[in-house]
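Read through the structures below before going on.
Here chain A shows up in two complexes: once beside chain B, once beside chain C.
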Partner chain A sequence: MGEDMEEEYEGGIVKKFMFVNRKAPYGTIYALEVLEMVLISAAFDQDVHIAFLDDGIYQIKKGQDTKELGMKNFSPTYRALEGYDIEKLFVERESLEERGLTEDDLLVPVEVISRAEMGALMAGMDVVLTA
Partner chain B sequence: MAYEVNGKSIEADEEGFLVNINDWNEELAGLVAKDEGIDMTPEHWEVVNFLRDYYAEYQIAPAVRVLTKAIAKKMGPDKGNNKYLYELFPYGPGKQACKIAGLPKPTGCV
Partner chain C sequence: MKFGILVNEGPYNHQASDSAYRFAKAAIDKGHEIYRVFFYYDGVLNATKHSEPPSDDRNVIKNWQKLAEDHKVDLVVCVAAGFRRGIVEDSLAPGFRISGLGQLIEAGIQADRMVTFGD
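Showing the complex of A and B:
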């Protein structure tokens, strides 16, 4: 088994990964953990996609202030993703509209797609991790 | 563990990374560097200061590959390459320079 894995690695198999964020940035550890996973995945030269749905959109909303929460504001880190060559960020249009937000409210360049398009995109992935 | 600077004890983890980034000062950086066997030159400071600016902007310590690329972009390819950075920080610019800069260990760095 070990040998098979090595062969696969040397063959440079690239899989399509999608990390799906559905939760608000603070209150749980999910958003921060996914962000760390994304940064680590960049080291493995995989085809990484990130999706923001539901309250997950708040993770990349501008103007976050966590002083009162006593938690670190990690939102600036999303702007570092470009330097990690992670540039496939998708936001669901319906989730944005339901929250009265537009693309201008977001910290990073994203592609806004419909719920149906998001479903199709997910279906084309090799690995989908949701948090 | 902890570092002693001017009679003040500054808390660090078992690998020597600062627990609180706000405890950092240049004197401490010199002390950490000495522990790492590094004599700080202006070239070392340039990288350390770059890392501190990077952290201030993005709130993370960059992976080596990302650091190298970012330095190349700002200071040119003569400095933004592995050879130059590893000569300055033989045990890894990510790990050693981040430690001296008072940053956490880079994410994904083992």
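Showing the complex of A and C:
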């Protein structure tokens, strides 16, 4: 399998992938396991995009402290994405505004786009994976 | 068309797995190909051989198993998500295999369409 896969990627299929984060970082495991998908995708040299909308934007909010929750604070990992050449991060403006947040509250550089623009961006993707 | 399928939820608790199964079956009946079904999040629980639903209910795990038997559909369980939830090699019903998340990304690259079933 490993050999086959390598051949295929040398064949150079590059697709536009988008990982869509819609859920809060804690409370369910979705955010953490989406992040694990994102990290694996980096090994495949694809055109990776990450979208944050609805409560998903809390995943990249500054100042997360999970000590009292007894859960691991995995938010520093988002800052490491740059090192994997994953730099296309999009945040929906309406989701920010609805939660009284601004770009300054976020711990990574992102592009803030409108809900309509987000829809158009998604429509242009080859593969959209979400949770 | 070549489809990749992602199942994000466990059996019985959620309809996602039933819907994914019915989608896969309908696609095959129409002459399409299922490149792979990838089970992630609680979806990994669809692979357990220990599931024994009441006899008057559908058997979600057996449905998948039969699909793999009849049509050689590749059923892949995420190793990391599985280990978290107690799904290991020994827990697998026939027809399922355990592998890495790379298999999901690869399905996305190889399939014409990737379809997600979950919340």
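To be clear about the criterion, the second predicted complex is superposed on the first by the 121 of 131 C-alpha atoms of A that agree within 3 Å, B and C clash if a C-alpha of one lies under 4 Å from a C-alpha of the other, contacts with A are read in each partner's own complex, and residues count from 1 in each chain.
Here, contacts are C-beta pairs under 8 Å (C-beta built on N, C-alpha and C of every residue); 3 or more make two chains touch, one makes a residue touch a chain.
The shown structure was predicted, so the numbers you read here are calculated from the model rather than taken from an experiment.
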Which of chain B and chain C A:Leu107 touches, first, second, both or neither: neither
Greater chain A contact set [chain C / chain B]: C
Which of chain B and chain C A:Glu36 touches, first, second, both or neither: both
Touched partner set for A:Arg79, first chain B, second chain C, both or neither: first
First (chain B), second (chain C), both or neither touched by A:Ala24: neither
First (chain B), second (chain C), both or neither touched by A:Ala131: second
Chain B versus chain C as contact partner of A:Gln46, first or second or both or neither: second
Partner chain in contact with A:Met122 - chain B first, chain C second, else both or neither: neither
Residues of chain A that lie at the interface with chain B and also at the interface with chain C: 36, 40, 43
Touching residues on chain C, where the partner in the complex is chain A: 6, 8, 40-41, 80-81, 99-102, 104-106, 108-110, 114, 116, 118-119
Touch list for chain A against partner chain B, complex: 36, 39-40, 42-43, 72-74, 76-77, 79-80, 83-84
Chain A residues within the chain C interface of the complex: 1, 5, 8-9, 13, 15, 17, 29-30, 33, 36-37, 40-41, 43-44, 46, 126-131
Contact set on chain B toward chain A in their complex: 57-60, 62-63, 65-66, 69-70, 107-108
